[in-house]
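Each of the next two complexes has subunit A plus one other chain: subunit B in the first, subunit C in the second.
Right, the complex of A and B next:
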């Protein structure tokens, strides 16, 4: 790969999605973008880069950004966030809630929707009349994975990763052989839409779905550099109610520049509570 | 004896031309015998071609079904390696995160160590101060004891002054008595003796006042000594406590050194791990690419083989138009194979079959032959008799599979198609026996 092409892709991705690619990740560019180039009958990465350079607002450029995202996710990933929801966060938020009160949850960078549906399953099991009180928004930067999440059909391998059999039988139905489709009762409290975490107008775009009481933003910021992380955390704070909870990946260091957070520990892992914006 | 005439030979040729090679004429001339031989020869060609076609067909089918299996396996493998590659990529990113955290932890541990060392310095200073405080308190004590000693000496001097004053008073009294005895001549002396007495009284009074002051002074000094003693004790204790603090601080420093060293190990280990996980991620990503390209290759092969299979099938269909004795046996083998393939295609959604498309085992090509020509040719052959049961099973299972599939019971249909394998290979084996 030519250094100029690498530099272009690095800057392009950082600007478009916040993904921070260093030179040791050239292999990733190759393995993710070469198949894309092939699909568009382009001769290798050089031609692909030339196309993106010429038309950075085109579908192909969007597909480059999407192809570079790592859509690693599984049901009930890491388990503890869902235990925290049912034992600490939901009980606290439900206290003194009015009969039509809502708990608004944002599953940011939801990928194929496993996290979003895991939140919904947890809600149904721990919040009475969850369908009336719980609203969940799943967002991602990649259209393809969002369409997948919306369809809610998972392969055998996907449901085997992380999902207890009890939940599988209760909330899924078999679909065309070995696939599984999420049941309707979970869908009613969920909506999906596209959102870019580093977009300047993120908070504006999500206004009609918020303000959020709970935000899941896990294993996304590990792909950003430190400056972008701070910005993203501040933007997330803008979409939240003071006192709301943010759950990140365990190793992800957050704390914004302007927003203020208290650290609460759940099973030794940090959970963030918004003190002030 | 009339020889077969030209018309009969011509009829035979036209039957041959219509594809019926089973026709014969009376073998009563060289020409008619040669014509019958030609018929046998043509039949043999058809039988061999049909058998060859059937075998090719079955071979291709075997390859296709195995390669289709492989293709399904590899596409599952593709899905899994893709997932592994994504998981590994995320792991590598998380490890990078751990590297950052452990770097920060290492720095923090070093800062803590520096702070503890600073703290230890302060404690050392405190210990020094406590020691000099203790020393100076001991010095003061010594001085005060000296003072007490001096005041005792002053007390002794005062009591000797009091003694002198007493003696002076006694002398003055004697002098007054002697002066009275001397009469007028001693009057002046008596005045002096009186003055002396007065002086000795004043001296005694002053000495007793001094003695009183000295006693008070001694009491005060005793008090001071007491307080100094307490101070000294406190200073002692203070310096012991400061010593203890000093050694605690040393422990803190030692522990922090341990923490700092461990953090440094973690830091280096996480850097190494980061390199390793990057390597793993890179290789996994390559692997995923390789599996994808194999998957593409294989599905290309499947398509090419399917085209080839079509070719073979059309060839068999062409040959099947020709009538030759027992050719139906070869055709029956490939017929059943092709049916099995259709059922499998149905399972993966490539073919639509209605239950009424599946004939009864009397009405397929083999069935029609079995219950007519076959019966008369092989009726007593044990393989021929055994054939009926297996053949009927194949048809029953096929019908059941199609019916189940149509009603949505895909797993039941799959089980039926799998179960066909046994009776179907029995049919093929029995047919082969018949041919021999």
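Right, the complex of A and C next:
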């Protein structure tokens, strides 16, 4: 790849999605973008770059961003965040809750929805009348995974990864072939929509769904550089209620520019509590 | 102390591939080809911590073995039992759970899936 093309893609991706590609990851650009170029009958990455340069707001440019995302996920990933919800966070937030009170939860970068539905299953099991009190928003930058999450149909392998069979028989029904479909009772407390964590107006776009009491933002900031991580954390704080909890992935800890956060430990892993705005 | 796992399947290829995964995770493997052999293995090695159990087998199937084993007081909770089967219907799952299975793997499986299920049933293994 020409150095100028690499530099263009690196800057473009960083600006559009926060994804920071270092020079030793050029193979990733190739393996993910060459198939896209081929589908558009473009000859190689050079032609693809030229198109994106000429029309940075076109579908193709969006597809470049989307093709570069890593969507791997599983139900109840790492387990501890969901144990923290049921044993610490939900009990605390439910205290003194009025009959129509709401706990608003945001699953930021939800990929195919496994995280979002895992939160919903945990809520149903640990919050009385969860369907009345719990609202969950799942967002992602990529349209394809959002459509998948919305549909709620998972493959045999997906429903087994990370998920106890007891949850499978309780919250899913068999669908066509070997697929499984999430039950309606879980879907009613969830909505999905597009949101880009890097967008300057992130908080504005989410206002009607918030303010949030709990935010899951996991395994996405690992792709951002430290500056962008700090900015994202600060923007997340703007969308939250004071006293709310943020759970990140274990390898992506940053406190943000402003020290608005208290660290608590749950089973040795840090979770964040917003102490001021 | 190495924990013992009983791998029960009438298909040799399955016993080999599952055995290989579990050996890598640090377990000692005992094999059985059907429920009857598995029952004998349990009585010969009552300290077996986990049974990876196929359903469809000649002589005595996995479900019959499970019921018979759990009837013994000393096996009513341990060993843990993970079904590993091509039976993928919800009714089969419910039936196995009611008979005392702890987890359920629909074939095919791979190492990550086996690890996920070990985590769920609370059996420790060597992580890389």
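Note that in this section the second predicted complex is superposed on the first by the 276 of 277 C-alpha atoms of A that agree within 3 Å, B and C clash if a C-alpha of one lies under 4 Å from a C-alpha of the other, contacts with A are read in each partner's own complex, and residues count from 1 in each chain.
Criterion: a contact is a pair of C-beta atoms (placed from the backbone, for glycine too) under 8 Å apart; a residue touches a chain by one contact, two chains touch by 3 or more.
Bear in mind the structure is a predicted one, so any value in this text is a computation, not a measurement.
Of the two partner chains, subunit B is the only one touched by A:31; subunit C is not. In the superposition on chain A, contact is made by A:157 with both subunit B and subunit C. Contacts of A:79 after superposition: subunit C is touched, whereas subunit B is not reached. Residue contacts after overlaying the shared chain place A:168 against subunit C, while subunit B stays out of touching range.
Shared-chain residue A:200: touches no atom of subunit B or subunit C. In the superposition on chain A, A:208 makes contact with neither subunit B nor subunit C. Greater residue coverage of subunit A by touch, when subunit B is weighed against subunit C, goes to B. In the superposition on chain A, A:70 makes contact with subunit B only, not with subunit C. In the superposed model, A:252 makes contact with subunit B only, not with subunit C.
In the superposition on chain A, the residues of subunit A touched by subunit B in one structure and by subunit C in the other are 157, 161.
Across the complex, subunit C meets subunit A through its residues 88-90, 93-94, 97, 103-106, 112-113, 116-117, 119-120.
Of all the residues in subunit A, the ones that touch subunit B in their complex are 24, 27-28, 31, 34-35, 70-72, 155, 157, 161, 177, 219, 222-223, 249, 251-253. Residue ranges of subunit A in contact with subunit C, taken from their complex: 74, 79, 156-157, 160-166, 168-169, 173-174, 178. Put simply, subunit B touches subunit A in their complex at residues 76, 79-80, 83, 85-87, 89-90, 93-94, 96-98, 100-101, 278, 281-282, 285-286, 288-289, 292, 410.
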